[in-house]
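Working notes for the structure below.
Chains: A, B, C, D, E and F, in written order; residue numbering restarts at 1 for each.
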């Protein structure tokens, strides 16, 4: 079944309120619930686990991620859950 | 036969629905079907193989790639298929 | 209780006058009071502690941080205080 | 003979249909025929030789290069041919 | 005494004609008099001391710094002078 | 004698037709005559000497430098000549 075209901001919009997995330039990773975003792909996450290749896992209440430095976003926290249409 | 001029967004548009190969800053590579893109060259891929120089291959359902950090895109997954006019 | 959607600039705006923790590309960190910001996420901080992985802590009166190179912002100085609704 | 002022996009425009040499951030180099470009200096090249400091030379049919990560462009493939006015 | 909100470009504007300390991505630092700036935080400095972690100090008459690569600006050359209200 | 305010693009404009010294992210340097530039600080240089920390000096006829990756520009080729008002 051919997948429907999907614009980047549409994909992000579908993820608001759900868990996402964000990989930054420089290697940091974040898993958390997406509260909001803007056209520059800046993102607000809550209930966040920060995964640092060196410092391990840290829990954070609420963070802003700068779109400039986001490399990749995967819906569903670890890439499967949200998209099992 | 002289090739026709081709604008960057035209090239990406021709790839929607087809397999592409994307190389990021920092060395990560992705092969997957392009679902959509925007003027900032942000891209949505599905049925994705992530090729990491260290961690090897990972399969992902759907991802967003930030245009800021895309270095190069090659139509056709590994550079030949789509463009055998 | 499902959290309310929250746009990036709204989150920053809520932090004006409060302590925030900013992590830059390249590893520098800053904790200080946010005096102002703009659409490019440039930020003015005062009463600033600069935390450098190598050079340790430095006190600074007032600084401008370039949004381009901000990786992450955490409200509340070390991630808890501001957001204990 | 004093050279005529030349705007960046004018220079690129003059190269459409000709061979150019592009150096990216991170060290990759590409020599190929320029098919098109846009205001963000994104470029489409065809008949491309990719020169990687480690992996050597690779031939590619058609590629998109992200202007964000282009460091330098030299008309004429290896810097002489196009500009022998 | 609660500090007044202060926008990034307001802060820079207050520094025109005064000494500032600018830290770039990649570690270079510059101390000099700010002659002008624009919305992209590009800056013109004069009577400049360049402080390179490896090459030490160099005096330069006049320079342009690209806002893209400015990490941080501290009013007052070494962080105290300008802001002793 | 207090120096006159000078906007970044004004400074570059004054250098058109003169020799400038450009330092890029990543360490490459270029000395050449500025033929033109645009609002993104993209620059066209001619009669260019490329100074690479590893590969030494290379002569190039004409090049485009991407403003994104320009760190600093010094009027006058090696920082003194143009500005001896």
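As a convention for this text, contacts are C-beta pairs under 8 Å (C-beta built on N, C-alpha and C of every residue); 3 or more make two chains touch, one makes a residue touch a chain.
The structure displayed is predicted, hence computed values, not measured ones.
Engineer: Trace the shortest chain of touching neighbours from chain C to chain E and give its length in steps.
Structural biologist: The least step count works out to 1.
Engineer: Which chains contact both chain A and chain E?
Structural biologist: Chains touching both chain A and chain E: C.
Engineer: Fitting the CA atoms of chain B to chain D, what rotation angle results, rounded to the nearest 5 degrees?
Structural biologist: 60
Engineer: What's the call on chain E versus chain F, same or different interface residues, using the half cut on shared numbers?
Structural biologist: Answer different: the two copies use largely distinct residue numbers here.
Engineer: Express in whole angstrom the distance between the two chain centres, defined as the mean CA positions of chain C and chain D.
Structural biologist: 39
Engineer: Can you work out the whole-Å distance between the CA centroids of chain A and chain D?
Structural biologist: 34
Engineer: Quick one: which residues in chain E touch 2 or more of the other chains?
Structural biologist: In chain E, residues 25, 68 touch at least two other chains, as defined above.
Engineer: Give the chain order around the ring, anchored at chain B and oriented so that chain D comes second.
Structural biologist: B, D, F, E, C, A
Engineer: Using the touch definition up top, name the residues of chain A that touch chain B in the complex.
Structural biologist: Within the complex, chain A contacts chain B at residues 2-12, 25, 41, 67-76, 79-80, 83-84.
Engineer: Over in the complex, which chain A residues touch chain C? Could you list them?
Structural biologist: Residues 16-17, 24-26, 28, 33, 35-38, 42-44, 46, 60-66, 68-69 of chain A touch chain C in their complex.
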